[in-house]
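Below is one structure, written out as structure tokens; comments come after it.
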Amino acid sequence: MILYFLSLVLFVMGLYCLIAKKNIVKKIIGIVITEYSINLFLVLVGYRRGGIAPIMLKGMTPQEMVNHSVDPLPQALVLTSIVIGLGVLALMVALCLRIYEKYKTFDMSEINKLKG
Amino acid sequence: MADIDQETRDDKQGMTPIVKTIVRFALGIMVIFGAYIILYGHLTPGGGFAGGVILACGYIILTLAFGKDVALRKLSNTGASILDNLGALAFIAIGIIGFSAGFFFKNFLGHGRMFDLWSAGTIPLCNIAIGLKVTASLFAVFIALSIFGRFIYQMAGDEEEQER
Amino acid sequence: MQGLYPLFTAIPLAAAFLNLLVTKVSKRFADFFAFIVTLVLAVMAVRMLFEPAFVYKVGGWLPPWGILLVSDGLSSLMLVVINVISFLVIIFSTKYMTTYTAKPKYYALFLLMIAGMNGVVITGDMFNLYVFLEIASIASYALVGFGCEKEELEASFKYLILGGVASTAVLFGIAFLYSVTGTLNMPDMAMRLEEIGMTRLTAFVIALFLMGFGLKASSVPFHAWLPDAHPSAPAPISAMLSGVLIKALGVYAIMRIMFNVIGQYVLVAHIVMFLGALSMVVAGLLAIGQSDFKRMLAYSSISQIGYVMIGIGLALNPEMPAAVAALGLVGGLFHLVNHAVFKSLLFLCSGAVEYRTGTRDLGKLGGLIRKMPVTGVTCSIGSLSIAGIPPFNGFVSKLIIFIALFKGGYVIYGTIAVAVGFITLYYFVKLQREVLFGAIPEALAKVREAPFAMTLPLVILAILCVAMGAGYTLVDNHLLQAAKDALLDKMGYINLLMGG
């Protein structure tokens, strides 16, 4: 129970970093922390007390494995989610480099040409 | 004459000779390990994405230790782009061939014996396609960001000098 | 035809990668290939309208373990809207994108976006919805900043950060739903959520989904990215973003999840109606003072999506009599289709104007109806439709929403809707006066008509505006009734799982 609560705390910390810091790179790190906290929460959902990893070994029947293992579905979901996070991170860093080229600064409060 | 020039140019880029020797040895191990994780994806944890990331890290270490000329000679920008698209097309082709067995992405090869390397139908083929795509993509992203980043620093430095 | 259903996502994906491969050899291939692919998709989508409802099991895996693809009235309607408008926008961009570099990459990203949107609309599995949502979103982030000028990069970065947080909120909601029901299959989840009822967890999940999908649908107060993203993007991308993307990713997902998976509750209905009314009023008032052509159109998009949300919110209320709920839903759905048609028309017109004159500033434009007759007439038709003048299609859909609101007893919301209708009329008349009529400035004396490839989609969309308004009963019988029945009938959605 306390572990679910801790992953929510991580989510809020990532959100705080995104809102309160002015540097673009720190905002990017904030988003990455937020996404990873959700992945952590998703894996925790599938936990079973005293469970083994969902890998078939020699000499085990499928029924035995199903009875003892943790839920393998959230693990597959988290794998996909990590790849999506990687894609968004690559795009964010590329945009950040291009913005530095045009605006000559990493400070978000000076990048405000669009208003109204 | 041209060979000596290229060799001395290669020697000047990258890191010290100690790092280069060790990377020459370790790179082979990294590539074999990455290929092992891709191929055994249906038996042990790992699979296409994890193995692809390890192979891409091998290329990145090659770039860091030897300089970008040597790395781009091994796998150029265009080559990475072609491998990338071929991997994705192979993955979709496996899905579409599944139509012949009834459904999209149906496992149409035989299932084989359990714990064999060639078992579980189309899953090892999908793993190989994904591993190829991830390797090429991550390498292309790294090259684009690093070469471009250096260009920006150079440009920003030039402009500061002009202002002074 | 039923067996070819997953090709709606497979064809654009394969085409995007094939495009990048072949254009290393010859550059002219990209235009032609994208044209053929979107034509095939549009024809398939229209053909799909005539099929009965069915489910497709991907890979032959039985539900609830496998991924299902569901086809009912609502999915068919959304597929037609997405694919037909994408086809027309591709025709437009063959000529418009010559001012940008790297055209093959533009087509590859565009096809990826279409694949993502098609995937969101056809899937019957929650996590599959999230994956395709992310594919479409990432493609659109890259497309918004396509020409790498200062403002475009800033707009794209803002859109990226806000969209990233929204997607994270959606994933959070999906994780909670999985932990409570134990399944990811949408009909199966609907069955189990019906047994559980409205708990605090369900309320939290509804809040997360409204925030996440509400940002994708750009309803106030989550609208901050839209007025920056639209002027900066190239004109065909603005047309796709405003005409199709915010509907397929945002409004469709809210409709599907709130009606079919979670079920109808009074609290949710009131919240959605309030968000709709807020969007209408705030965006309508902010649009009056704009001086940039596309920024005004962007604010008017937010306002019209408010109309759709109010219609949907009315139908979500389980205490409404069935006739009123059906009327509200039909009005909302028809306004969604109409908005896709006339907003794409207006954005493409602004693209044609920018292509010839090089500016978007309303102060510098004027009197273009004499120089660019086709663009001018179609722009007028689009403006009159969106303002709600009979006999165009905007009039019919707004009238249905007004009648539904007043019949349902919501007098305040009804008055607000009528007032916003007048505000819309006011700023579109102002837009037409500034751009089309009046004196021609000196700098624009040599402007000619836009090329044929750009005026053809404008003419087709304008004809659709008039035809859908005049032939409303045809549209209603074939498209809208099926979609409305698919949404209001939750047991029917669950039974698709058993029968298919």
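Letters are used for the chains, namely A, B and C, taken in the order the chains are written, and counting of residues starts over at 1 for each.
We adopt the following convention: a residue touches a chain if its C-beta (ideal position, glycine included) is under 8 Å from a C-beta of that chain, and two chains touch if they have at least 3 such contacts.
The model shown is predicted, which means the values in this text are computed figures rather than measured ones.
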Which chain pair is joined by more contacting C-beta pairs, A-B or B-C? B-C
Report the chain whose mean Cα position is at the greatest distance from that of chain C. B
Centroid spacing, where centroids are CA-atom means, of chain A and chain C in whole angstrom: 28
How many angstrom lie between the centres of chain B and chain C, each centre taken as the mean Cα position? 37
Where the CA atoms of chain A average out and where those of chain B average out, how many Å apart are those spots? 23
Over in the complex, which chain A residues touch chain C? Could you list them? 11, 15, 18, 24, 27, 31, 34-35, 38, 41-42, 45, 73-74, 77, 80-81, 84, 87-88, 91-92, 95-96, 98-99, 102-103, 111-114, 116
In the complex with chain B, residue positions of chain C that touch it: 3, 6, 10, 13-14, 17-18, 20-21, 24, 56-60
Taking the complex as given, what residues does chain B use to touch chain C? 78, 81-82, 85-86, 88-89, 92-93, 95-96, 98-99, 101-107
Residue ranges of chain A touching chain B (in the complex, touch as defined): 53, 55-56, 58, 79, 83, 90, 93-94, 97, 100-101, 104
In the complex, go through chain C and note every residue touching chain A. 127, 131, 134, 138, 141-142, 145, 148-151, 153-157, 160-161, 164-165, 168, 171-172, 175, 178-179, 184, 227-228, 231-232, 289-290, 295
